[in-house]
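Look for chain A in each of the two complexes below; its partner is chain B in the first and chain C in the second.
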Partner chain A sequence: MNTVSTHVQVNVKTQRAKRTAVNTNRLRKWVWPYAMLSPALVLYGTFFIFPFLFALFLSFMQWNLISPDMEYVGLENYRNLFADDVFWVSFKNTFVYALGTVPASMMIALGLAVLVESVGRAREIYRFLLFIPVVASLAVTSLVWMLLMNPHSGLFNKYLSVFGIEGPNWLNDPNWAMWSLIIIGVWKAIGYNLVLYIAGLKGIDNQLYEAAEIDGAGKWKQFFTITMPLLAPVNLFVLIVSIINSFQVFTTIHIMTQGGPNNATNVLVYQVWQEAFQFFDIGKASALSMVLFALLLIITIVQIRMTESKVHYQ
Partner chain B sequence: MIANRKNLRLITKHSFIIAVTFAALFPFIWMASISVKPANEVFEGALGFLPKSISWDGYLQVFEQTPFFTWAYNSLFIAIVQTIGQVVIAFFAAYAFSRFKFPGRDLLFYFVLATMIIPVQAVMIPTFLTINMFGWINTFAGVIVPYLASGYAIFLMRQFFLSIPHELASAAAIDGCGELRILWHIYLPASMSAVAALSIILFVNHWNEFYWPLLVLTDEQKLTLPIALVHFQNEGVMEWVPTMAVSTLSTIPVLILFLFTQKKFVEGFANSGLKG
Partner chain C sequence: MKRMLLLVLIIVLSFSSLAACSNSASETSAKKESTNAASPETSTKKPVEIQFLHIHGGSQGEAVKRLVEEFNKKQDAVHVTPVYVEGSYEGILEKLQALAATKQLPEVTQAGFSYTNYMVANMPLVPVQKFIDEEKMDLSDFFPKMLELGKGMDGKIYGLPYAVSTPVVYYNKQMFKEAGLDPENPPKTFDELREAAKKLTKGDRMGVYFNYGITGNWMFQAMTETLGGHMVANDQKSVAFDQEPGIKALQYWVDLVNTDKTMPLIDDKQATQSFTSGKLGIYVNTTASLRGLQKDSKFDIGTAAFPVDGVHPRMVPAGGNNVFVIKSTPEKEKAAWEFIKFATSPEGTAITAEGMGYMASRKSAVERDDLLGKYLKQENPAAYTTYRQVDDMVQWNNFPGKGGTRIFKIVQDNIQAALTKQKTAEQAVKDAAAEANQLIK
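Up next is the complex of A and B:
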């Protein structure tokens, strides 16, 4: 009897000791990650979550940034926004810009990547040169593009006139301004996409091509039956990054057109800026921020759903 | 015959790529060309894009009439401090994400991914008000601190850490190594190359940054190069030749850095999410 009970007691004691050991162990395991994440979390809290909630709050207010008075107006900012023609123009333009830049920059980059990879040793030099537009500042290059697109003295129209074509008034013509920005957007994005595609192409086993060659498949057939399917994850990644980037276009618009002429190049991101810092309508700008956020969230969720099986984050 | 056709095909390929490369680089060629033109030649009717005669007046004008070196110093300072801060913070965060299992980990990681997707413009008004509250308008802290935690950097570092075999750290832990020692003696040396690639990319991005500094910095002595350029252009203070001189001068450092770190640079870009 006695021996059994002491035995049990000892057993309980060791178990308890074990459990506390596990607890402190687990605690230590939890403390480290949170401690290491804490600088990032504090910064995100202060400069991301708080501003986000604050923006949500401001979207229900009427405020001009300067006056101490703030007035609660409920959903009026949203109502005003949806009744505002400029909003719908910006909304449409945001998609036009994305549709104009994303597929073009992806297709050109993919074609170039395949070409550049196939020319032997010179490819290093080409890759270097083609990447230069990516590393250069968009603020700087926007000014250069402005000069190039100057209707009277810009080189574009001078060259066109050689062929007897009267060039458009690129940035000042409502029909051309968006196209001008799209051209620059494509120009800027090609180098980046190119590098991603080259990395993807390098990951494809050369034996596949050799086998296809023996089977008598031509270059085009190889491209569509081997390259394209195996590049699918890269394609999706490039697509996501390109769409996100295209939705954030700001610098070229701010420097070259300020959303004009006649809102022809206004996009949602730029309109937020205008409403806030030109018209000082903080409520409307904040409501617009929330709409922009919701829009990007929807697009991102759709993309993650689409890509879940193909691109791995792990 | 076959060799000939192969050569012909190769020549066609090269000429096509060269044409595209030329088009891609044309704005830079023109920028450099204008920067050394005499002012009256800029809009001359000629079709040639290279200057007929070279004049350094534009550059002299920049050095004499603008605080160019102050701007360059500002750009450099902000880019370096921001890069170092982001890399250090991302290093710890990525280590936490890749080495531990803890409650809320996946949720927090999705949150980090989300910060990469939401455009800064969506929260810029309150962020601006926040730094105003801290008294940081027109200070470098106002430019740097709000974006010290970089989702991009955390994501990239984590991707890299996941490729470091877990066994290494586990073995060290069994030998009694604390987390900080594992981090310092195993993860840091193993990730030097990734840290270098990431730093270069971040540095170039910050050197070129336009949007946020434009909002925060207004004092002429505090401006960074891209902001100064546009600021003075808009006010009509600078003519095209000096503008292109500043443009050229602010592009050259990035080009030199890119030239010497090309492989790392491209590696860093290419690795951002493609590791399967």
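Up next is the complex of A and C:
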């Protein structure tokens, strides 16, 4: 009805009126959305686009952040970076950390989410307890972890010695330091992932479970045929966010190991900070940031491409 | 095309509106300030506002606050606001760089002695020598070695010593008694210390910890130079820590950790936790930790001078920091100098030393009973130890060239490699030297 009448109207109007209609249309179509978007665009521009372009520019410069003279050095910063052994160690460590934290924190969080939602009582309390690590200050909790991980007087090794196990030197043994940070990383990430999974679980229609139960599907079968597929979008989101977060680990490293011992826990983000603020080499730090950015971009795109076909949106 | 134009227009518009907002905000705050300043008294002249960037948090921060309050009360021409920066000597450099990039540098700042060359080369400083010359100021009351620490390569004094430290031996008197050691007669040589550590190590108690992690290779320098070596060759063209004393220094730690197993492989935060909870007998660390350790420990803490090898004289690098004036306006620079003069005066330095455990930079502050004399000799004799080695103080090494701070880390990485048995002590020292020499060239 409506479309027909507008159609007729437009046909009847004069050329001039037509133009105004097009103009208002265009206004509605282009100006209004951008006007609504502008605050976000401004923020995005100032805090993302501009710093990004500036860092890209700096990665071709030699500069110490203070001196008024900036020297153009072309690709030298990148060449220095790829020739730097520490870079490759950090590169490897970054992936080890991601592989160590992401799957573990996702699986544990999902398991806990299902468990927490299935308990009738005290659900709120469990949620609260599991969420605490997310809001607790990492600077403070790091110090507590250091106390626990103290090799000769910390609680961890005391407990282990009860079972006759000689505990490792968690943070200062090059073979263990990264694992210690991974444990803390998982502990920190679980709460956040848990909340996302709980939200995802709540979105699944209970009728599906009821129907499955009538058809005789057990709990595990329900989990793999209903819960998992329907959680796929949440899974994808959690995966990407977790990977990005794990690539950006900084605080625990800064406080607990400073990248040591002998770079055993140095990662790309921490090395960016070291290059910039310990060695005053802004050019190399910027080049490293660019490498990190490219890496994350590639991983995210691959992730989305690979999982897109398997994700079912409701 | 038109779409793009529109987009740009919107962005520009919203930027200008943002700018307008911030403008009006700063105007109102400026107005508020001026009314505040005018209201309390009839004085027509507003005090000059300056900022003092410092690194002292916690109980040390209280001492800074007291110092600044004393100064602000004493006169009404200058008003100082202390600004705390986290992260110690490295943290403040990071902050200064960021502030310099946005042109918001403070008028007065601290900086570690290991960064004197960096400050002189990179920061827009007003050498305090200028004010000293103008006022013909008498500097004879300063400990001469400390005054050296603020000098640039050109011999001009750029900064004055604000808080100074040396490495000292802290020990748990209770644990000494229990291990059959004399708490009033702490070890004097490296060998004695090694033996004492063996006796102290038992169960979950460890014997000793040298805080080797302090950047600037401070503790490694103390070891190497006390064993007769040097960090840098005389011609400043190569490092010298790869000679015998440097290797011996690192080997000593490696032996404590791996042969005797009396030194835990932990970092300074864990070591502090261990020491204050009575699980570590001896802690070789900066004098600056004294107040914090005393506050957090339930036992009596003894202090002793840095150990020697019995052959060479003791050489302890001066840790701590200078205060510098940063270029601004002549009026503010003068105000900054007035504050620095107070902070480094006998009264000012006494406030800093007593509140933190750092050393006073003035001889008279240490001697006068109304300042630190009584406190050091009677109330807290553990704080006096550091003054016993004031004449053994040497400059905290600044590596030559632009890559100095990178060399600090190379040395630190190799120390860690040796302690974790990834390399021998000799290999670690040689590797560090080879890499460092590349950067000095």
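Rule of thumb we're sticking to: the second predicted complex is superposed on the first by the 247 of 314 C-alpha atoms of A that agree within 3 Å, B and C clash if a C-alpha of one lies under 4 Å from a C-alpha of the other, contacts with A are read in each partner's own complex, and residues count from 1 in each chain.
What we mean here is this: a residue touches a chain if its C-beta (ideal position, glycine included) is under 8 Å from a C-beta of that chain, and two chains touch if they have at least 3 such contacts.
Since this is a predicted model, take the numbers as computed values, not measurements.
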Which of chain B and chain C A:285 touches, first, second, both or neither: first
Residues of chain A touched by chain B versus by chain C: which partner has the larger set? B
Mind working out whether A:169 is in touch with chain B, chain C, both or neither, as first, second, both or neither? second
After superposition on the shared chain, which partner residues are touched by A:250: those of chain B (first), chain C (second), both, or neither? first
Between chain B (first) and chain C (second), which does A:186 come into contact with in this model arrangement: first, second, both, or neither? neither
Is A:39 in contact with chain B, with chain C, with both, or with neither (first, second, both, neither)? both
Go through the superposed model and pick first if A:64 touches only chain B, second if only chain C, both, or neither. second
Is A:151 in contact with chain B, with chain C, with both, or with neither (first, second, both, neither)? second
Who does A:102 touch here: chain B (first), chain C (second), both, or neither? neither
May I ask you to decide whether A:269 touches chain B, chain C, both, or neither, giving the answer as first, second, both or neither? first
Residue overlap on chain A between the chain B interface and the chain C interface 30, 34, 39, 41, 143, 147, 152-153, 158, 255, 277
If you look only at chain A, which of its residues touch chain B in the complex? 29-30, 32-34, 36-37, 39-41, 43-44, 46-48, 50-52, 54-55, 58, 112, 115-116, 118-119, 122, 126-133, 135-141, 143-145, 147-148, 152-153, 155, 158-159, 162, 187, 190-192, 195-196, 198-200, 203, 233-234, 237, 241, 244, 247-248, 250-251, 254-255, 269, 272-273, 276-277, 282, 285-286, 289-290, 292-293, 296, 300, 311-314
So in the complex, which bits of chain B are touching chain A? 10, 13-14, 16-17, 20-21, 24-25, 27-28, 30-31, 34, 42-43, 45, 47, 49, 89-90, 92-93, 95-97, 99-103, 105, 108, 111-119, 121-127, 129-130, 145-149, 154, 159, 162, 179, 204, 207-208, 210-211, 214-215, 225-227, 229-230, 233, 240, 243-244, 247, 250-251, 254-255, 258-259, 262, 265-266, 269-271, 273-274, 276
Given the complex, residues on chain C that touch chain A span 3, 6-7, 10-11, 13-15, 18, 90, 93-94, 96-98, 100-101, 118, 122-123, 204-206, 213, 264-267, 269-270, 273-274, 277, 279, 402-403, 405-406, 409, 412-414, 416-417, 419-420, 422
Spell out the residues on chain A that touch chain C in their complex, using ranges where they run on. 30-31, 34-35, 38-39, 41-42, 45, 64-67, 143, 146-147, 149-153, 158, 169, 171-174, 255-258, 260-263, 274, 277-281
